[in-house]
Structures are given as structure tokens and as C-alpha cells.
Amino acid sequence: MKRVYVNEQWCLGCRLCEYHCAFANSKESDMVKALKNKRIAPNIRVESKGNINFAVSCRHCEDPLCVRGCITGALQKIDGLITVDKERCIHCYTCIVCCPYGAIAPSDDGAIQKCELCIKNNNGTPACVRGCINQAIVYEER
Amino acid sequence: MHFKEGEVRIPSGCAILGVIDKSRKRFSGEDMIRAITVMHERGNGLGGGFAGYGIYPEYKDYYAFHVFYDDASIKKQCELFLDEHFDIINLSKIPTRKMSEIKDEPLIWRYFLAPHPTKLKSSQLDEREFVAKSVFKINTTIKGAYVFSSGKNMGVFKAVGYPEDVGRFYKLEEYEGYCFTAHGRYPTNTPGWWGGAHPFALLDYSVVHNGEISSYDANRRCIEMYGYKCTLLTDTEVITYIVDYLHRKKGLDFKEIASVIAAPFWNTIVNYPDEERKKCEYLRNAFASLLITGPFSIIIGCQDGMVALNDRLKLRPMVVAEKGDKVFVSTEECAIRVIEPNLDRIWAPKGGEAVIIKLEDERL
Amino acid sequence: MNYIYPEYEVVRNHSRCITCRACENQCANNVHSYVECENRMESNDDACVNCHRCVTICPTRALKIAKTDHVFRENANWTGKTINEIYKQAQSGGVLLSSMGNPENYPVYFDKILINASQVTNPSIDPLREPMETRVFLGSKSHDIVRDAAGKIVTETTPQLDLSIPVMFSAMSYGSISYNAHESLAKAAQKLGIYYNTGEGGLHEDFYKYSKNTIVQVASGRFGVHKDYLTAAAAIEIKMGQGAKPGIGGHLPGTKIIGDVSRTRMIPEGSDAISPAPHHDIYSIEDLRQLVFSLKEATDYKKPVIVKIAAVHNVTAIASGVVRSGADMIAIDGFRGGTGAAPTKIRDNVGIPIELALASVDKRLRDEGIRDKVSLIVGGSIRSSSDIVKAIALGADCVYIGSAALIAMGCHLCRNCQSGKCNWGIATQMPELVKRLNPAIAYQRLVNLISAWRHEIKEMMGGMGINSIESLKGNRLMLRGVGLNEKELSILGIYHAGE
């Protein structure tokens, strides 16, 4: 299955992926309108220390702890992709505690949010991948 | 304003024709006139000509110079030069027929020459190089004199006019040879000049050509490095020099020459058997600037036979036919049929594929 | 007091700026900063070099760079540029330094030459339907036909370079450009079937795998030269001069001689790499011959030797001498050629245009009957496929491209290579900047550029009725000049349009 991978060697820490992610999930058609004067809550986040940068998002684990921890079935693994059914999420945040990568976060409406490979916003190639200026974030089979 | 060849580059379309008898049986030039007549439409009356091989058996050991002179004083000047460098065995006016179709004729003279032994020795050149150098010397330094034929036992006859008229003008029917080539010219922007008509010849090499080569200046600038001077700025001239250079000076055979001037494409060469591939790569690389591109079909006449060659894309028509010992090459089939209706075989050679016709007991 | 007013201003459309701070993150010159209390970006025009990094990456197109409208009192003689240069030198007491090629307003002869096409008398050829050949061999060509006992032609030749298209990446050293830039060039050369050139920086151990497509350079500092370096290469280039700075050596500051750069150059870390102006073993033409043959000896006569010279006033005589020194190829670098750093006044005032140098060298070598003994490679601002067609028709065998290759990789010609802070990761050794040039991207862009040019060259050749590039070489009848005087036309060896 194709996943989002990050090549640390090429990640510049510019954080543009975060903005592209936030825009893709904003339901707006103009980036300015979507993000101007907003605090963004993207599903990918760049971790930086010194010259080392790394964008982190859901790895769509083979054996996902978050899905195992979810008590309502809001998180499910379908064809390898871990998806959220916001209707079912009861805001217990067990998944957030379970995820070893910190790839899940609460959203503004209280339900959890995570990377769903832009399947739901219908972007095709995930927005973070398309927006990466150095091909550090790639979407490929490994 | 009208330019003469050499003052401006003149592309032209044309008809070409060649007939050879492999057994060296001689035939009259009459057939050539008949054949070229049917390709009348391919010329525009601005140049025609013939080359005949085996036409001077009685003088076969001497170089036959055919020369155009603008006037008698130039002739005198040129003859001084010839006298100094050659033994003049015989000289005469070339017989012509007065015709209304052929105008502005220059003085046309023929000389049978043997290089002056002491001059030849002191030049430290081989005989043919000595003769070629003398031709260049006359054509570039004696203004108004033009040597248009300089081989042994062969001669070129050319003029401004339709080729059939040129043939009759020169009384071609009175010559017998074992090989003839003919040309009708369609130059695009000038009334033409007698010297610019085809065939173009140097020593016993003669070339008739139909086409306009796009590699002209690349070829010219390359060949001029090797002692040639292109004074006419015509394709035929440069092709003749290339053939002379590769055949006489470099000792390539005509198959090898074809793989220089109409070299196979690299992606064809790569599939050749190893030895052939190496040879073709070598020749193409060594003589890269002598590759001729753009449309052409040419007939090369020489001492040993006749060669017909198309450009590698075959952008000009050319057919070859056989009947007994005779081989015919023509732009159009009709010209062959008119002199030989019953052929053993007729075919259109592929682009870049040289058709080499050897005279018996001669190696080409 | 700073006399210099910034030449360029960063113009930010605040209504579009989403304060993502990518511009701030990506500017090595610290032009951009974030004002937290106002949630607003600010910029410092003084530091801006107009490299367009921020402009290019800004996701909302909120940025552009504008030329300042701040002016001096008008003066046709004392231009603002001249005045500013005096201020700079009065302040620093130093030589003005610049990078990339001569930007001054001299005639560009390529732009005054037009290409021919077939009409009626000769058919044009469609490269989509017919073969169209761009392959060339570089090296000394012999017309000697030697036959063995069986009468077969002996096909041994002096060493040749085999190129799919007559374009090579010109010498740019590891040190003046980054590891990633070198890797991109090497990979692209391999993919395209052409060659790149190490420049005088040695060959990094990681790049020996590209050695079949590598030309190694031996320059006056002899940096990085050793036996394996020479034997690994496809060809060896002796650099006598460079178009951007004829008569001048090179100076890579010690700050760039770090880690691998120092190892590859074989000099201590932190020491300045100074290439002398002349080769101190070449004070005359016969000395060059000795170096040419030393290198041939060292490599068993298996590598062609290129001698690179700058286009200077007597380039024809020099080129003739170089041919007779045994070189297999001559590379001539025109006065618009690029550089990682050169004294501004030299870059902008020394040397001659490559078009004129090429035309006169080609003619001179033909007049002397020695043109086939060498291949001519020309560089010094070849900018497009049409420049290539014109250069070849003037007489070149091949072209070198440097600036065009860098631009393909992302260079925006800000001409500040000498600062070492290239925001595009090209002309820098700072690891955080170097990583901005991902070879996977840059290599593909180089391949794309040359492939696109190949298409264009084939179309132009087909239009002329030429289906093999060797028939274009020196084919000056395919060119016409426009707006050139008699002298220029005669040097170029072409007619005026309409003739």
C-alpha cells in the first residue's frame, strides 16, 4: 500500500506541509481565506532539532495500537488505511495516548483528527506530498 | 541582375541518366539524346550535358581537356600555360552544329595532353594530382577560361539549353562510348552559365546530380581544407571533389564512399555484424563532415565504371535497370524504356544503397 | 554610515500573507522575520540578494521583489551602479567581486543571427517521422586510411568521446558548487549519454561511479589531481583560462575548504585554495605540449586531452598553437562565461564574445588545414537550443553549458555565489543549504532541459533539411546576420539576411 514517507535527508523544516495539510482539510478553495489569521491544526507536524527536521504524520501501522485502543470502533483499518468515523468518536482520547508517534490529536469539534492520506478531501496525492518543495515527503509503496 | 555560378549559390532540380555497357561494347551517343528528351519537363532549358567514356580510344593515354574561353586572348593565355606544363599532343575546336536553341556559345576547345615530364618531376606530385592542380590553376587564375573536362578517354559536353539540344549541338551522335551520363537542369534563379551545367568533372570522375544538398557548406568548408577550391558553389562540384578525394586520394572503394557520403543511420550501424559496424563507425566518424544530407540522386562516372547513389532518405527518384551487359540508371523509368523497351530487370534502389556497376576486367 | 541604498525591495502583500514563516525559514540572508505581537512578517531589504527563494516557495504568492525606485540625480556618465561601486570600494578598500557571467550590455551575436529553413526546392524533414541524428564523436579525426594485409580498413582511432547530443556540462568544481549539485550533473550526464566536468576541485570518491561520463580538470592549482583521478575519467581537461576571468587564477576561501571539499582537493581544511593565474610549468606553448603529453603518458594514451582557453583577442593564434601541442579538443570560453567568483571589472571588461572567437578560430584552423585534428567545444553563454544550432553552424563540434545547467537546477542568477550562502543549495557548502538541492529533482530537471533542447534542435535541423548534426557543423550558409556591419559579418563568415 502507498504511504506517506519522509526522507529526513531532504526535509528542510520549512513547515509548508503543515499549511498544505491544513488547507486541504479546510474545505476552502483559497489558501488565504482558509489560513489567514488562523491557528492551524495540521495532521502532519515538523519536528526540528538543530539541522535535523522531520515531518511526522500517521504511519498507518500494520498493527495499529490506536485501532486496538479505540473502544467505539471510530478508528478502523480499511484496506490498510486507518480512518476516523467522527460520529462514533466519544472523545475519550485513548488513541492519542496509545499512538507512539503523536500522530493523532483532538480537533476543534472535540473528535479526534489524524492523517487519512487526503482520501476524504479528494486530493489524490496527499497535499503534504504535493506541497513539499524538496520531495522530502513522498507517497509511495515500500 | 544576373549572377554567374560562383557568385551566388544556385539550387536546382534535374533529370539524370546513365547507361553503361559492362563488356565495354561501344554505342552511339544518339540513344542518350533520345532518352533524355523524354525527361524534357525535368529541366527548364538552363543547362544540359553529357559525359562519354571510351570516346577517345585513339588518344586513350592522354588527358583530354575540354575548355570554354570567353575570347581568343584568353585562349592564348591559357595555351601558354598548357604549353608550359604539358606536351600538347593534339588540339582542335570541338565540332558543334549551329542551332537557334543554343545561344551565346563561348569558344570551345579540346586538347590532348601529356604532363611535361620535367615539370611533373619537379612538382613532386603524382601524375593525376599534377593534372588536377593544373585544372584548378587555370580555373581559378585565368579569368574567362574554364576547363570542364580533364580525364583520359572521356569527355564532357555541356551548355546552356535543353539537354537534347545540347546533344545535337555537340553532335553527340558522332561519338561512341561504352558509358554515357546525361543531365537536364532546372536551376531556380539564374539563366545559368555554360560551366555551371552538368556533368561536373575532374580527371575521369564525372558527376550528374539531381537534388539540393542541405549539407553544402559543411561539405564545402571541409573539402576545401584538402586542396580543393569550390568556385561554382554548386552541389555537383562539391560532390565531385568529395568523390575524387575519397576515391583517388584516400583509396576508398565506392561501397566505402557510399558509407561516408550517404552513411547509414547510427541505429542501423549498431545492428551490423561486428566488423562491418566498426568499419562504418570509423568511416562515419573520420569523415563526418563529408556526410551529404538533403535530397540527391547522383550518377558518378569514372575510369572503372559507373555508380548510382541516392541520399539516405531517398528524397529524389532514381531507378536502375538491366538488359544483357547494359545497365541503365535514370530519374524516370520512361527514359530507359524509350531506348530499351524490353528490360531483364528494373528496380528502385533503397536510399543510401550504392549501385556499383563495374566494367569487366576492372576493379572498382 | 552605510552609503548603499538597497537595490531591491521585498514587496509583501500582507492581505495574502498567512505568516507561515516559510520565507523566514528559507532565507539564509535573514531578510524575513516574524513580529509576534502583530502576527506579521517583516523584511530587511538591505540583506536581500534577489534570489527569489522566498518568492518561489511562498504558498500564497504574497511576495515579490521590486527594483527600488530610489534614484540618484540623473547622469548618463555617472550611473547609480558606478557611484555605488565607488561607495563600496571607498568603504572596503577591496576588489569588487561578482559571480556568474558578464551582465553588461554588450552585443549578443547569437541574437543577431538567424537560421535557415527549406522551402520548395528541398524538403524539410519531420523528426517525428524520420530519423534525426544528434550523435557526435569528439576527438582528433584522422583521414588516414590504413589497410591490413587483407585490405580491411584498420579502425583504431585516437580516443574519442561519444555524445548523444553535442552538449556537455562545463567545469564547475566541487567547492564552488555543492555535493548535491555535482551529483545532479553527474547523474544527468550519465542518463543523457553526455559528459560533465569536475572543474578544479577533484572528484569526490562517491562520484567515481559516474566516471565514464566525467571529464576531469587539471588546472593551475593541480587540486585533487592524482593517478586514479586521471585514469578514472573519460577525458582530461587542462584549464588554461576561463571566460569570466581570463588571465586570473582562482581563490576558494578557506571557509569553504571543509570536510570532503578539503579531502577531495587534497589540501588541509581551512586553507585557502589558490589557483595561480598561469600554470607555473607552462610559460609558453611548448610547455603546454609537455603537459598534454605527460597526461597522455600517465593515462596510456587512452584519454583525449582537452585544452580550455578563454576567448581573448589573439585566440586564433593561441588555438592554432594548442592544436599543434597535441590536444584532442579545444574548449573556448567566451567573455560571458560564468564563474563562482571573479573580480567584477575583469569579468565585465576582459575577453571577447564567443561567437566571434568561434568563427575566427574555426576559419583559422581550416585555413591551416588542421581543423579535423581537434574538436572545438564552445561555452561562455550558450543559453538555448537555438544558440547551440548557431554555434554548431558557425563551426563548433559541441557546446559547454554552465549557467544554463545551474538555472535548470534552480539558480536564479542573483549572482552572489561568492557569498557562499546560496539559498538554492547550489553554490554553497553549508550543510543546511546544500540539502535544499535534492539531486532526484535537480537531475530530472537537467535531463528535461537537454531532452527539450534535443527536440528543438531536431526540429530546426529538420527544417533545414538536415538529418544529421555533422552536416550542420560549419554549415554557415544556414545562417544570416541581422543588423550586423560588414566587419562583423566577415568575421562570422556569414551573409546578411536578404543576401
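For clarity, chains are labelled A, B and C in written order, and residue numbers in each chain start from 1.
One rule holds in what follows: contacts are C-beta pairs under 8 Å (C-beta built on N, C-alpha and C of every residue); 3 or more make two chains touch, one makes a residue touch a chain.
From a predicted model like this one, the values you see are computed outputs, not experimental measurements.
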Self-check item: Distance-maximising chain from subunit C - centres being C-alpha averages
Solution: B
Quiz item: Any idea which chain sits dead centre by C-alpha averages?
Solution: C
Quiz item: If you average the CA atoms of subunit A and of subunit C, how far apart do the two points sit, in angstrom?
Solution: 44
Quiz item: Roughly how far is subunit B from subunit C, going centre to centre by Cα mean, in whole Å?
Solution: 47
Practice problem: Please compute the C-alpha centroid of subunit A, do the same for subunit B, then give the distance between them in whole Å. | Solution: 79
Quiz item: What residues on subunit A touch subunit C, complex-wise?
Solution: 9-10, 12-16, 18-20, 23, 31-32, 35-37, 51, 131, 133-136
Practice problem: Flag every residue of subunit C that touches subunit A in the complex, lowest number first. | Solution: 15-18, 20-22, 25-26, 39, 57, 59-60, 431-432, 435-436, 438, 440-441
Self-check item: Residues of subunit B that touch subunit C when the two form their complex
Solution: 9, 11-13, 188, 211-212, 214-219, 221-222, 224-226, 250-252, 256, 263, 265-267, 275, 278-279, 281-283, 285-289, 291-295, 312-313, 315
Quiz prompt | In the complex, subunit C residues that touch subunit B | solution = 118, 121-123, 125, 130-131, 133, 135-137, 141-143, 145, 147, 152-153, 155, 157, 160, 366, 369, 371-372, 395, 464-468, 470-478
